[in-house]
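Letters A, B, C, D, E and F mark the chains as written, and numbering starts fresh at 1 in each.
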Amino acid sequence: MKLVTAIIKPFKLEEVRQALTDLGFQGMTVSEVKGYGRQKGHTEIYRGAEYAVNFLPKVKIEVAVQTTDVTRAVEAIVTAAKTGQIGDGKIFVTAIEHTVRIRTGETDDTAL
Amino acid sequence: MTRDRDSSGVKTALATAALMLAGALPAFADAPVPNKGDTSWMLISSALVLLMTVPGLALFYGGLVRSKNMLSILMQVFYTVCIVSVIWVLYGYSITFTEGTSFNSIIGGFTNTFLKAVKVDSTVGTFSNGVVIPEYAYVAFQMTFAAITPALIVGAFAERIKFSALALFIPLWVTFVYFPIAHMVWYWAGPDAITDAAKAVTAAGTDAAKVAVAQAALDVVNANAGMVFKWGAIDFAGGTVVHINAGIAGLIGAMMIGKRVGFGKESMAPHSLTMTMIGASLLWVGWFGFNAGSALEANGVAALAMVNTFVATAAAALAWMIAENVEKGRPSLLGMVSGAVAGLVAVTPAAGYAGPAGSIVLGLMAGFVCFSFCSTVKNKFGYDDALDVFGVHCVGGILGAIMTGVLVNPKFGGQGIFNYETGKVDDFEMMKQVIIQCKAVGMTLLWSGLGSIILYKLVDILIGLRSTVDEEREGLDITDHGERAYNY
Amino acid sequence: MTRDRDSSGVKTALATAALMLAGALPAFADAPVPNKGDTSWMLISSALVLLMTVPGLALFYGGLVRSKNMLSILMQVFYTVCIVSVIWVLYGYSITFTEGTSFNSIIGGFTNTFLKAVKVDSTVGTFSNGVVIPEYAYVAFQMTFAAITPALIVGAFAERIKFSALALFIPLWVTFVYFPIAHMVWYWAGPDAITDAAKAVTAAGTDAAKVAVAQAALDVVNANAGMVFKWGAIDFAGGTVVHINAGIAGLIGAMMIGKRVGFGKESMAPHSLTMTMIGASLLWVGWFGFNAGSALEANGVAALAMVNTFVATAAAALAWMIAENVEKGRPSLLGMVSGAVAGLVAVTPAAGYAGPAGSIVLGLMAGFVCFSFCSTVKNKFGYDDALDVFGVHCVGGILGAIMTGVLVNPKFGGQGIFNYETGKVDDFEMMKQVIIQCKAVGMTLLWSGLGSIILYKLVDILIGLRSTVDEEREGLDITDHGERAYNY
Amino acid sequence: MTRDRDSSGVKTALATAALMLAGALPAFADAPVPNKGDTSWMLISSALVLLMTVPGLALFYGGLVRSKNMLSILMQVFYTVCIVSVIWVLYGYSITFTEGTSFNSIIGGFTNTFLKAVKVDSTVGTFSNGVVIPEYAYVAFQMTFAAITPALIVGAFAERIKFSALALFIPLWVTFVYFPIAHMVWYWAGPDAITDAAKAVTAAGTDAAKVAVAQAALDVVNANAGMVFKWGAIDFAGGTVVHINAGIAGLIGAMMIGKRVGFGKESMAPHSLTMTMIGASLLWVGWFGFNAGSALEANGVAALAMVNTFVATAAAALAWMIAENVEKGRPSLLGMVSGAVAGLVAVTPAAGYAGPAGSIVLGLMAGFVCFSFCSTVKNKFGYDDALDVFGVHCVGGILGAIMTGVLVNPKFGGQGIFNYETGKVDDFEMMKQVIIQCKAVGMTLLWSGLGSIILYKLVDILIGLRSTVDEEREGLDITDHGERAYNY
Amino acid sequence: MKLVTAIIKPFKLEEVRQALTDLGFQGMTVSEVKGYGRQKGHTEIYRGAEYAVNFLPKVKIEVAVQTTDVTRAVEAIVTAAKTGQIGDGKIFVTAIEHTVRIRTGETDDTAL
Amino acid sequence: MKLVTAIIKPFKLEEVRQALTDLGFQGMTVSEVKGYGRQKGHTEIYRGAEYAVNFLPKVKIEVAVQTTDVTRAVEAIVTAAKTGQIGDGKIFVTAIEHTVRIRTGETDDTAL
């Protein structure tokens, strides 16, 4: 099993979710994060005080998939999340050694 | 229960009529009674000034700090209101608004502690001959002024003072700085005493001896006033007493307590400009009680003060917005509401004296001047007046206090200065008045400045002013109060 | 449009003069007309009491619950205001403030349903002879009292009651508990009826027959009042009617509905103490309308009530702060504002009777007593009164109601009790008054306690009081209202 | 200082008595003086209307947008208040409430720019013969109306208009749309002018020539009024001038600016219903100043308007709640407060004319109608009126304006329409009045609709109305103002 | 070393923390996330506008443990977090290659 | 490629960001988390109710780096984030199998 982690623009979340659901992926975890890559932040001024805001709001999605599904999942995310402008985000794929569904105690592929 | 005290004892229609006349024009009778319209207005004005303070000021300030210090700000403001209002009843009202002994030019006396001399039918004069309001209403109204003034200070050293230090500082400051200044600027014998004494002088006719006696009596009446009042300084609702006073005390506190950890390096962006906007709006709404209530009557002057308070604020908000747009390229909400507060501050001493057009000019000036100060001048000096108490309240207050001497000029649509001895508005000498206003400003800066230095030092020696670096990092909400503001 | 009805029909200056005298001292004329200062004050007081409730009370409570139940609290309070004010016009005002039939000691009559007997020029008496206010102003003012009282209850069973259950409970409770108690405590014939009847007795002179007739008439007037009023209990602004009443109903609700899921195990920390602070502040500001408005006039008593409401609150906040500092090591904002509310509650029955120094003492007591109750006593019993409705409102209300019997004492700076028959303040018998006050407290606890038990049971049978465990876990905002409070 | 101007010059008790009589019934004297109770009420009413706007309306709207646009909404509302109040002093008051030249039916004149003709002792008439208030109080009160009306519009095109476009649109709109409509509906010669002229006609007796002259004079007085006023349309507090006017301008703006990016696809859930609830509550509280203040006196009509404003709101909130419960299965807080605002809107034109029972009926209708509109009708059309300015303010305003013609009917408990010529309430012809009301509605829709189209177009050509897609995605707070609302 | 990542119902956090502490696990990192699996969201209506809320609030806990402790940790979490209803959550185990305690610079197993 | 995950004190974020930028690392993702290790929480009292707050606010930073850069990145973080007091935090290094830059579709090292 692999964990596909994608950091995307917040307003793309809904499209990505839809794309994954359409392919039959049944679960996902989302968190609000901030980050920067090529795309940098901006400056905010509050009365006299200037602050550099280096981080932009992003959404991190994590989808655990069977190893054989990784490519489909990644492609679906790329297609749905792309605007073609900097800040579109990144995808990281990492290995999951073991999975458990808490409710049933099922493990690994059957737990996905 | 004596709720009908104001009618009891009146037994005939004639007596009633007499009493009513007295009520309207008490110069002709012994005991003026309050007009209920005035009473109603004073009561609601007091409520409005509390609204300005909690939640108004507390939110205006609170929104500007980081969320880890939100409760500490709210607590400091709320505590200030509580401790000061209790002190006000205990001895504050007495030493501010009761005739003192040898130092009556500077501070009042102790004869009215615990409000022991105040009854439900006690009255105090307003600024019109023969018009009075219930003394309890005056006590309440002035109590709210005593409460908000020290609360303004806390913004200057926000996010780093120890609560225990503040808890000691506030009662000391209000006692040794606020009460004397309020006494010096606002304590006087009242219109009827002066007018009556002046009439006695006239009545004395040409008999030199009689005139001398009457004149001496008039002099005594005139002498029974605070020092700054006697100079002839005018301050409608507290430009000196409230804003310059608190502003300079704030600056000194900010400098003596030192900069916040991380100042200039870490982001200290306001945690909720929404709260700041709510606070600014409530300040505006409540300030009508503050300024228009300072007329002490529900009359045309109060209405004028309201219009002035409205448009000076609006003009200052627009001025700040425009200045920011020109200089930074984008007008911010924080800028706009800061401008509004600057306008409110500046129009405070002028509210019942200037005309509406003059107030718009004053507001525009306040917006530009305070903007420049907060966004440029301040950064040059590098002190950490966290919420710009000095840049808005002291700078705006000085501008307003001095400009009041200009805008009161009938030539500029102002009301002029009424002379209770002659019964009419004096010929106006602008330069003279401006100089007097400057003297009043200087006196306030000096007294409050020196007094504050001494009191901060004292508190620092006794219990220490400042939180530790770790406490500051963690946030005063947890370390001083054991709570967090938000658990979403 | 009849906007000038109060002047129409007056055709000469003389008649006018007569009318004006009548306006000021109507004992001398047929139709007293309202003083506009009083009217102004009553209108704004009503607005202030609404401000106390929404957003004041709603935020005070809402800030204390978890964010998943925020909207449910706001909704419950808002709904309560709406349903009760409509009921008030339909029949509430009538059965509370109209003379009833056989049970007039307990409940009024139905002759004024839909306010059908109220016109723009209808008036009602105040507490002063010959002083009246427009009846619509009185309707509005009392409406706000009827609305806030049941709204206070919802804090006790916050985070677990079904909205539909509450929607049924509130109209039942206000009808069977609030209206009768308000009638019992506050309904009377008014000052002029008593004074006139008493004068007739005097006028009867020595003619025994005439005296007997006049005395009988006076007795009828005196008998035309609510039971608790006739006992001689005094309650300036609603210590019994509002706070004890709501407090005990809350406790019973909390117990009958049961503890929240996870109570004592999971963290149920307030989701936004900022909101709670805003709420507490607005309660304070609005309470001036509640307490000082209860004078029904813009006079010295109203001003006294305002000063008392100010300082009792401040003192109680300080007392709670000190107690918490001593016991827990850190004074919290929540503690301070809880103390403020406790002070507001305690001073409510005493507001126009006590003196300012007495009010400070009362406030200190309220702060300490309610603190002990909420932080120690309550934990021993283990019930889940989520937002301390009992510990603050009932306990504070009982303290205030009883202490009113002490602090009204002129010896302690109180106002004494005015006797409308003799036209002066009675000699004061303190023990007697305290016992009467205790009886009033007992009566309220009993009526509201029993009534509430029955009504909760009824609602439980009809539609069930409590949400399911899953709904409670998910939060009532989603399950009852289909919304979330925040989407940052 | 001329604070005692209203008493100066009065030199004897007799003169005083005359003046007082004049004060009460000035038809008998030259110079009516304001009653301080009225003044007090007008001052506080102005403060209440500001409270409605900032923070009230700003929060009601702000809570409903996404957090990235929070400051933009707050800023737009705050800016609107500031710019309009300055304009009001410069020329707005003059062209609205000063007699104009040839186009006096449509717009007033420039003789009072900078308020140059207003002094502290200037007065304006109310709706009662011989009753006046300080003109500054009237200036302030009407200023708040001019400020809130354009602020209502911004909800319609929230989250997408460029701030610079709005900054230009508002002064244009208020000048070319609001001032004329306010003049057309509310400008008239006042009660005393009409009554005096009518009396002259009567006094002319049977002398045909004299009668003709007097009648001509009366006609001139009657002709000195705005067009819609002359039709006989009644609008107590601004159903047409404020709500229909703003509502239609909002709809047109929403359509011309276009839908938000992502509309109908992305979630645009309100970011803080807590703020929306606070806003709605403050709208309610402040609306008492708006509606009851529109009586211009602290009298029974004001009290009636307050009761009506209370219960129509409550009824509408309940109606929306019930409708939503029936249709969607769950009553939401947002629904309830939306209903409350719909009720406030609908009762605005009727506040001093309808009876309380009629107001409950009106409220229920408003709740149901506006609910249907916002949840069904609107979706059919598919335009993006982001915060339902049209569905609540225009629809509710039309309902209220027309129903006012029904509910003013004395048969339905209404006040009827007072005829200042005859000095009594006219016989009421309902159909006729309803038709007049419809005409007034139509006129407002037309003027505001066409005017708004032109002004939006103009602004679009000059600087462009809409933010870019990227700016909209990022949020206007950052792109227009360079700030973020929250940094928790 | 392994990283045990569990996505659980928010109100179970306290019990899970307690269970792990009882077993001697001395550290944990928690974040608020939203997600869906078998358990789907609901619909919210704001005036006329309907929005599908596809994500439910969850809590993600991460515990770095020695490889030999994985099973104990997973079991403890499953036991504490289970309600038996859908939405109970998932556990993922991944490999940590290297650990550092910032304060001391200790690494790997000694850094846990 | 490796993912360097560090849990640090919130006020150290700026310094860490600066240190990494100075070394030429061009991207980072940050999330707000709560946690405990050696450093425990505190107790909060709200009126009568006492709640143990076991979790302290921390910031989690994630930096995807080329395998050869791991040591430099870890050292930079340790240096910048250290105060020497408990609660300074932890660093975990895990393997990334695959990376995609969404905007361009570039993969692996070129996507970092």
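We take it that a residue touches a chain if its C-beta (ideal position, glycine included) is under 8 Å from a C-beta of that chain, and two chains touch if they have at least 3 such contacts.
A quick note: this is a predicted structure, and the numbers were derived from the prediction, not measured.
*Asks:* Could you work out how many touching-chain steps separate chain B from chain E at minimum?
*Replies:* Counted as steps through touching chains, the separation is 2.
*Asks:* Moving only between chains that touch, what is the shortest number of steps from chain B to chain D?
*Replies:* Each step joins two touching chains, and the minimum needed here is 1.
*Asks:* At the chain C/chain D interface, shared numbers over all numbers used: above half (same) or below half (different)?
*Replies:* Shared-number fraction below one half, so different.
*Asks:* If you tally contacting C-beta pairs, which comes out ahead, C-F or A-D? Let me know.
*Replies:* So, comparing the two chain pairs, more contacts are at C-F.
*Asks:* Which of these, C-E, D-E or C-F, gives back the A-D interface, meaning over half of its contact pairs coincide by residue number?
*Replies:* C-E
*Asks:* Would you kindly tell me how far, in whole Å, the mean C-alpha position of chain F lies from that of chain A?
*Replies:* Using C-alpha averages as centres, the distance is 17 Å.
*Asks:* Based only on mean CA positions, could you tell me how far chain C sits from chain D in angstrom?
*Replies:* 33
*Asks:* Using the touch definition from the top, which residues of chain F touch two or more other chains?
*Replies:* 31, 44-46, 94-95 - these are the residues of chain F that touch more than one other chain.
*Asks:* At least two other chains touched by the same residue of chain B: list those residues.
*Replies:* Counting only residues that touch two or more other chains, chain B contributes 17, 20, 35-38, 40-41, 44, 267, 269-270, 272, 278, 328, 332, 334, 482-484, 486, 488.
*Asks:* If I apply the definition of touch given earlier, which pairs of chains qualify?
*Replies:* Final set of chain pairs in contact is A-B, A-D, A-E, A-F, B-C, B-D, B-F, C-D, C-E, C-F, D-E, E-F.
*Asks:* Which residues, counting only chain F, touch chain C once they are in their complex?
*Replies:* Within the complex, chain F contacts chain C at residues 44-49, 51-53.
*Asks:* How about chain E: which of its residues touch chain C in the complex?
*Replies:* 11, 14, 42-46
*Asks:* Can you check the complex and tell me which residues of chain C touch chain B?
*Replies:* Spelled out, the residues of chain C in touch with chain B are 17, 20-21, 24-25, 28, 35-38, 40-41, 44, 48, 66-67, 126-131, 191, 234, 267, 269-274, 277-278, 280-282, 284-285, 288-289, 292, 295, 297-304, 306-307, 310-311, 313-315, 317-318, 321, 328-334, 336-337, 340, 352-353, 355-357, 360, 408, 415-418, 423-425, 486, 488.
*Asks:* Please name which positions on chain C make contact with chain F in the complex.
*Replies:* Spelled out, the residues of chain C in touch with chain F are 64, 267-270, 328, 332, 334-335, 338, 374-376, 378-379, 388.
*Asks:* Which bits of chain A are touching chain E when the two form their complex?
*Replies:* So the residues of chain A in touch with chain E come to 3, 17, 26-31, 64, 94-103, 105, 111.
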